[in-house]
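Next come two complexes built around chain A: one with chain B, the other with chain C.
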Partner chain A sequence: MPSALINVPKKAKRGDIIEIKTLMSHIMETGYRHTASGDVVPRDIITSFTCRFNGTEVFRADLFPAIAANPFITFFTTVTESGKFEFEWIGDKGFSETAQASITVE
Partner chain B sequence: MTNLDHTTRRTFLSLTGGAATLVIVRPVDATTAMLSAAIRNVVGEANVRTGKVKLDIPPLVENGNTVPMTVSVTSPMTAGEYVKSIHVFNEKNPQPNVGNFYLGPRAGRAQISTRIRLADSQKVTAIARLSDDTFWSATADVVVTLAACTEEAI
Partner chain C sequence: MKIALCIAFVTTMASVAFATEIPQSERRSGYSFMSADTKAMQDEDTANPGMLFVLDGETLWKRKAGSADKACADCHNDARVSMKGIAAHYPAFEKALGRPVDLEGRINLCRTNHQQASPFAYESRELLALSAYVAQQSRGVPIAAGDDPELAPFVEKGRELFMQRQGQLNLGCTNCHDDNWDKKLAGSAITQGQPTGYPLYRLEWQSLGSLQRRLRACITGIRAQAYDYGSPELVELELYLKSRARGMPIETPAVRP
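Moving on to the complex of A and B:
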């Protein structure tokens, strides 16, 4: 069962630069490992992560097999108004997960 | 007799030495070519200069499966002057790309952190694309004791 951990401050002052921390549970199978019988374990990774604020994209990342399991990504953004952050992870084998976090800007 | 012994020993050493260099140099060349190809893919014909980028990664890691990494870029992050993207590459993993991170002026601070995998002791390079389409880079050497990707899956 995939699960996301999001860390966004609940409140901020207008114009503040805030740090957002995200973690999505995922095996991030590289596609370069073999089983004991010699078969390649097929690649199964998250390939794309996007963060939108009130519908506008504020951060995006392309991920490769060199990103560790349970991708942990932190980044910064400037907040100018109250609203909702939407996070989206897309990957192999039809993986697609979303999460949300709200912030109040005073 | 002693002369002959010396010659054979010398010949043996030079032969084995030569063979060892051949074996070692080939794959390194191959991955370096992959790395420069991956970097060219991102920067095109542009010149990549050293500076402005700070790559924080431990110089010695025990477990290559999860290596914390932070990339920050010196930039005022205003509408006129900001960091467009940060690209991270490695030298010796099976694939040269690690991640591409796209920012904009509203990021406020050009800094990202994540955790990466390293299959061997190697160089890690971060390249930043600024709003004026110049490219800046930083490189760090990492020694890995336990490599990622090598253990067998169950």
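Moving on to the complex of A and C:
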């Protein structure tokens, strides 16, 4: 049941700097832990996060095993036109999730 | 002179060290002991990782399960209406069992009796998600557990467990959470142990966890044998803690360090 929480302002003025906050549900298993019987718990992490605005990439991050469960990623960007932010998380074991949010620029 | 004062202070401490219950006016949620960053994480729903579980809980609420092929919503309708304030009264007395059950126990009773489904395992994602979703409907509602007169003997049992010294360190809950909540242990605030935000997201756990998990961790910490999940002792402790926090607002899903 992967789920994401996205916080994008609904409205902004042309040229405003806006903050975008994203929270993605994921266990971020490091691959360095062992079970009681000594078997390695296989790595299962998100490896990449991308944000596109109207198709153009505005933010990208690579994620690594040291990042805590349920990664919370926030960043700033400027907006010059109304449009749609698309978010994509890609990870181990074929993990792939998307979310989107719209903004109106006045 | 200073040493004499110190000795006098320590002696006074020792003489009040037993069962000094926290006055109503001094009760504080674990929230008030946290850093500004952690508070901000709890305050904003899109930054609070506990909300991810609440979202899952909302999905589960509407999903049909068991051989009765019923969802929670088929009997209880909209949780935002039907479950408002419910969690504030848990643990509650269950007539059929003749003892109190906590919110997780109630959800599992509903699953076995009404959905005819297998109960969720303790600390499973499903049980945490559903209990978080139900408890979140009571956010801001004052805790009202332990009012039922039938619960009185169980509150008392919980209180006895809370006061009872045990384990290799020979500590009772009260020795930290009544007597030393204004101090620190290994750099962390001890807190009063007021269960206002369960199930809550602990950064240390990197997950949501129930009050029973918290209690078991504490009991292991004093090097005693922890009670099993779902055991009457843990429910009695939960009940006592909730009645001790009566009137304090529910914060579910809270965030703690």
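Here is the rule we use: the second predicted complex is superposed on the first by the 106 of 106 C-alpha atoms of A that agree within 3 Å, B and C clash if a C-alpha of one lies under 4 Å from a C-alpha of the other, contacts with A are read in each partner's own complex, and residues count from 1 in each chain.
Definition applied: a contact is a pair of C-beta atoms (placed from the backbone, for glycine too) under 8 Å apart; a residue touches a chain by one contact, two chains touch by 3 or more.
Model, not experiment: these values are computed from the prediction.
Novice: Judging by the criteria at the top, classify the pair chain B and chain C on chain A as clash or fit.
Specialist: They fit side by side.
Novice: Once the shared chain is lined up, is A:S25 touching chain B (first), chain C (second), both, or neither of them?
Specialist: second
Novice: Using centres of C-alpha atoms, tell me the angle at chain A that chain B and chain C span after the overlay, to the nearest 10°.
Specialist: 80
Novice: Is A:N54 in contact with chain B, with chain C, with both, or with neither (first, second, both, neither)?
Specialist: neither
Novice: Spot which of chain B and chain C makes contact with more residues of chain A, would you?
Specialist: Answer, by number of touched residues of chain A: B.
Novice: May I ask you to decide whether A:I67 touches chain B, chain C, both, or neither, giving the answer as first, second, both or neither?
Specialist: Only chain B; A:I67 stays clear of chain C.
Novice: Is A:T77 in contact with chain B, with chain C, with both, or with neither (first, second, both, neither)?
Specialist: A:T77 sits against chain B, while chain C stays out of touch.
Novice: With the two structures laid over each other on chain A, which partner does A:S96 touch: chain B (first), chain C (second), both, or neither?
Specialist: neither
Novice: So in the superposed three-chain picture, is A:S3 touching just chain B, just chain C, both, or none of them (first/second/both/neither)?
Specialist: second
Novice: Between chain B and chain C, what is the shortest CA distance in the superposition, whole Å?
Specialist: Checking C-alpha atoms only, chain B sits 5 Å from chain C at its nearest point.
Novice: Check chain A for residues that touch chain B in one structure and chain C in the other, and list them.
Specialist: Touching chain B in the first complex and chain C in the second, residues 68-69, 72 of chain A appear in both lists.
Novice: Provide the residue numbers of chain A that touch chain C in the complex, in ascending order.
Specialist: Touch residues, chain A against chain C: 1, 3, 5-7, 21, 23, 25, 27-28, 68-70, 72.
Novice: Could you please specify the touching residues of chain B with respect to chain A in the complex?
Specialist: Within the complex, chain B contacts chain A at residues 65-67, 90, 93-95, 97-104, 106-118, 149, 151-154.
Novice: Which of the residues in chain C come into contact with chain A in the complex?
Specialist: Per the stated touch rule, the residues are 41, 44-49, 51-52, 55-56, 59, 125, 129, 203, 206-207.
Novice: Can you list the chain A residues touching chain B in their complex?
Specialist: 17, 30, 32-36, 41, 58-69, 71-78
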